[in-house]
Amino acid sequence: MRKTLISGFAIGLALALTGCGGGSQSSTATSSASAPAGTAAKSKVFGASGNVHARLLETGSSLIYPLMNLWVPDYQKAHSGVQITTQSTGSGTGISQAISGVAQIGASDAYMSDSQMASQKMLNIPLAISAQQVNYNLPGLNDVHLNLSGPVLAAIYSGKILYWDDAQIKAVNKQYASKLPHKAIVPIHRSDGSGDTFIFTQYLSFSTPSWKSGPGYGTTISWPAVSNGVGAHGNPGMVQSCQNTPYCVAYIGVSFLSQTNAAHLGYAALQNRDGKFVLPTPQTISAAASALVAKTPKDQRISLIYAPGPNSYPIINYEYAIVNPAQSNAQVSAALVDFLKWTVTRGNGSQYLGQVHFLPLPSGVKSLSLAQIGQIK
Amino acid sequence: MTTGLPYLQRRPAQFLFRYGFGAAALITALLMVLMLVFLVVFAFPAIKFNGWNILTGITWNIGNQYGSGVVTHNGVSAQPGASFGGLVFIFGTIITSALAMVLGVPISILVALALVYRIPRRIKPLANAAVELMAGVPSVVYGLWGLVVLVPWIGQRFGPFVTGHVGKLPVFGGEPGSGNGLLASGVILAIMVIPIMVATMRDVILAQSSSIFEASMALGSTSWQAVIRAVIPSVRSGMMASVLVALGRALGETMAVLMVSGAAVNQFPSNIFQAVNTIAAVIVSQLDSALTDASGMAQRSLAELAVVLFLITLIVNSIARAILHGADRVRESR
Amino acid sequence: MTHIKIASAASRIWWGASVLSLLAVIGVLLFIFFFVVAQGVPAFRPELFTTVTNGVAGGLANAISGTLLLVVLGVALVGIVGFGTAAWTVEFASPQQRTAIRFCVDVLAGVPSIVVGYFLYVALVEDLGWGFSLIAGAFALAIIMLPYVVRAADLALSAVPRELREAAVALGSREATAFFKVALPWAAPGVLTGLLLATGIGLGETAPLIYTAGWSNYMPSLALTHSPVGYLTYVVWTFISQPFAQSHQLAYAAAALLMLFIFITNLVSRTALEAWGAQRHR
């Protein structure tokens, strides 16, 4: 008897849900035309108001994720009819889900490759300029900035340099040579499809011919076997992993610089193309940007890695929104265009970018981005 | 079980009863077939491309996405440099599950016996509830605890302690690692499967009538001997079934392992503290990367790995079944 | 004589070990539980239940509703199919069919949840165009829970004493009646244990939901398709690695809530089971 009641209730609930679902379903867009009254009332209770006419999904890069979480709340205060969900899943997912259409904005630190563009024509729209630092956890040396170069990092990540007191590391760190411990290095890499991996491995490829012809660069590469090597998930995973592992080295996006500092991780001065060791500061990032942004093509797919100039920081990049120019729903399209325009104008203000140590787009690049946004229908 | 008379079968309620349930069973069977067929069909180009490399190769390389040209095997092409070797993941799957079973099965038997025979009647419901509760804890919560408590403990205390004392011994000596690795994965998996095994073992032992226990005691055995030599062998199939359920869960466990395994690629662990990777975990961590492969071969190779995992589970089940069947036959022939 | 003394001593030692193991296992559970709750306590304000997640902070309203919706729908789907399968296996299947079905169920149990998720991602989310949705997530949960429900129901129904059924039919009842009125009540506790186990597993799934339900920072819209749903396990999985204190608190709070839901489900079913059991032994 009881069981019949329970199963009856369950079936009834399922049917009720089906009924509700059938009523509010729209055709093929990944958004609803208008939410049923019940939901609108519920939204009122929870802080939003009015009818939701567009839902956007932004997924991808963990580098830009903190910035997205600063942008979206402010944007939604002014535009309550749009619901934007942000997700930190890695640039690889950003690209693939934007291509497959389940996400409207695929955030990626990496631009799409030619073969990916050939499979689906997408817009790679820079929203800001970001950078990446190389962190390490050396008890006693986390307050100073060690010098590291592309070839040295390449050797660490291919297992050719095993200990922190290796001759090659000492050679570029004469000041701290005696303080470097004889401990095994733990190189941490990203296990997910990552734009950070892309820009880091580009730095290694551009600076070290043996890395270029070996593992090469990409959002995912085949990492050489290193005895202590560990994979971490997302930028936050990198921070956590390095924090818990003495003698680690990890490449982490600059939007997490405050967190790595709070975690007492040191960060390195990287050797740029001119041979100088520079720290990631607004000046050095800006110097690198000014050397290369003029070369940005119309489709804006360009690498800003290893820029020339004595003051240039070698690992900087555009933060891309990978977007399909052909959206399936007019309201979604309009909301998307409006949001993207907002990010490259209002969103590029220092009150947002300053918190994540990013740089705003130079005006020439901004116009190119706006032009690409204009192509979204 | 059909002791019914023929005319009963023609009543509508009977019809619904028989064929309604039959439909449900059909759905279950179809589901398994559908998923298997889908996976194999989807993975087929990868099967052609990879050949035996999927089982013997150590390097997992989705190829240079930013390079030009293609590499082709058996008429199927992928990005230059692509090579999908799954040996590291197969090894990791087997060894983490094995470790989990080695740690988990003896403990589970002991705990189940304690629950049935030793716990005072008043506390029994509480103890049973506690164990069932553990079986319900989500794998991410175990992974969370593992990440925040177990991994730092292994990486900063246990690992250095052990490697410091055993030096260069295999398996236990060498580098202490970061805490993320084989030991953490095995322990977390063991903690996860123990409650499942205990709950079912306890049920199975309880369901066994007490006459076997009493008969054994009457013949002069100690209570422990009665349990180990009489009761448990009499419920062996139930025990085996519960171990199999647990093994299936361990082989396919994704999230907890993902959070503590260290996500090894292209290398084997040199001791229990080094990073590993299992097929299930690698599918999650590599799936989004695979989706960026314009040639699609990376996705299909992951699907191929899923088929391999299917096969591993199948083989394990068949061996266990054969053992059970053989043991039953021996017992009956006595 | 010594032989007996050794055996007795061994017996005592082994029983001691078994009790110790039990205490250790329960000790680990308590450790995990209190650890999670203690870390999540700062997040337990009323706003936790009324606000939605906002990137990496906020509340858990959307995740809680999403989890409940997904699990209820999933259990509804699996309960029907799973019980039906087990019932058919025990009642009507020939020995070969029985082996075949049990084999299918064993195989299904071995499918990693991510494979189910990926399969549904390609089939439902992409090919059928449903997008990240409630129904895709519910299907994922149902498929994952199925083997557990079937196995438990199978075991429970098989354990029904033959004499009971035969007596019922001998007294003139139809088979369906014999099944529902005699066998089923006897097997009910076992079936419920299976559903309970499955619900717990469903509450805790993450990987397949990532690819079927997706994730949403907003309350579920009750639309079956085209609308991603948030769920508590996602919060635990992602927020713990965000380097912000509020995120960690939310992750622990979500974990504590999950454990609480499982505890409640357990409690409810136990009291129901005991009432049933008491009825039976009258």
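Letters are used for the chains, namely A, B and C, taken in the order the chains are written, and counting of residues starts over at 1 for each.
We adopt the following convention: contacts are C-beta pairs under 8 Å (C-beta built on N, C-alpha and C of every residue); 3 or more make two chains touch, one makes a residue touch a chain.
Only a predicted model underlies this, so the values are computations on that prediction, with no experimental measurement involved.
Chemist: Counting C-beta pairs in contact, which two chains come out on top?
Modeler: Highest contact count among chain pairs: B-C.
Chemist: Which chain has its C-alpha centroid farthest away from the centroid of chain B?
Modeler: A
Chemist: Could you tell me the distance, in whole angstrom, between the mean C-alpha positions of chain A and chain B?
Modeler: 34
Chemist: Using mean C-alpha positions as chain centres, tell me how far chain B is from chain C in Å, no decimals.
Modeler: Centres of chain B and chain C (C-alpha means) sit 17 Å apart.
Chemist: Could you give the separation in Å between the centres of chain A and chain C, each centre being the mean of its C-alpha atoms?
Modeler: Whole-Å distance between the two chain centres: 35.
Chemist: Specify, in ascending order, the residues of chain C that touch 2 or more different other chains.
Modeler: As it turns out, chain C has residues touching two or more other chains at 80.
Chemist: Which residues of chain A are in contact with two or more other chains?
Modeler: Residues 100, 233, 240 of chain A each touch two or more of the other chains.
Chemist: Going by the touch rule set out above, which residues of chain B reach two or more other chains?
Modeler: Those would be 147, 258.
Chemist: Give every residue of chain B touching chain A within the complex, in rising order.
Modeler: 58-62, 64-68, 79, 81, 83, 147, 151-152, 155-156, 175, 177-180, 258, 262-267, 270, 274-275, 285-286, 288-292, 294-295
Chemist: Which residues of chain C touch chain A in the complex?
Modeler: Those residues of chain C that touch chain A are 50-52, 54-56, 61, 69, 72-73, 75-77, 79-80, 125-126, 129, 131-132, 134-135, 184, 188, 214-219, 221-228, 238, 241-244, 272.
Chemist: What does chain C use to touch chain B in their complex?
Modeler: Answer in residue numbers: 7-8, 10-12, 14-15, 17-19, 21-22, 24-26, 28-29, 32, 35-36, 80-85, 87-93, 100-101, 103-116, 118-119, 122-123, 143, 146, 148, 150-151, 155, 159, 162, 165-166, 169, 174-176, 179, 190, 193, 196-197, 199-201, 203-207, 210-211, 233, 236-237, 240, 251-252, 255, 258-259, 262-263, 265-267, 270.
Chemist: Considering only the defined contacts, which chain B positions touch chain C in the complex?
Modeler: 1-4, 8, 11, 13-14, 16-18, 20-25, 27-29, 31-33, 35-36, 38-39, 42, 107, 110-111, 113-115, 117-119, 125, 127, 129-145, 147-149, 191, 194-196, 198-199, 203, 207, 221-225, 228, 238, 241, 244-245, 248-249, 251-255, 258-259, 279-280, 283-284, 287, 302-303, 306, 309-310, 313-314, 317
Chemist: Which residues of chain A touch chain C in their complex?
Modeler: Of all residues in chain A, those touching chain C are 2-3, 7, 10-11, 13-14, 17-18, 20-22, 24-26, 28-32, 35-36, 38-39, 42-43, 45-48, 55, 57, 65-66, 68-69, 72-73, 83-88, 100, 102, 233-234, 236-237, 239-240, 256, 259, 262-263.
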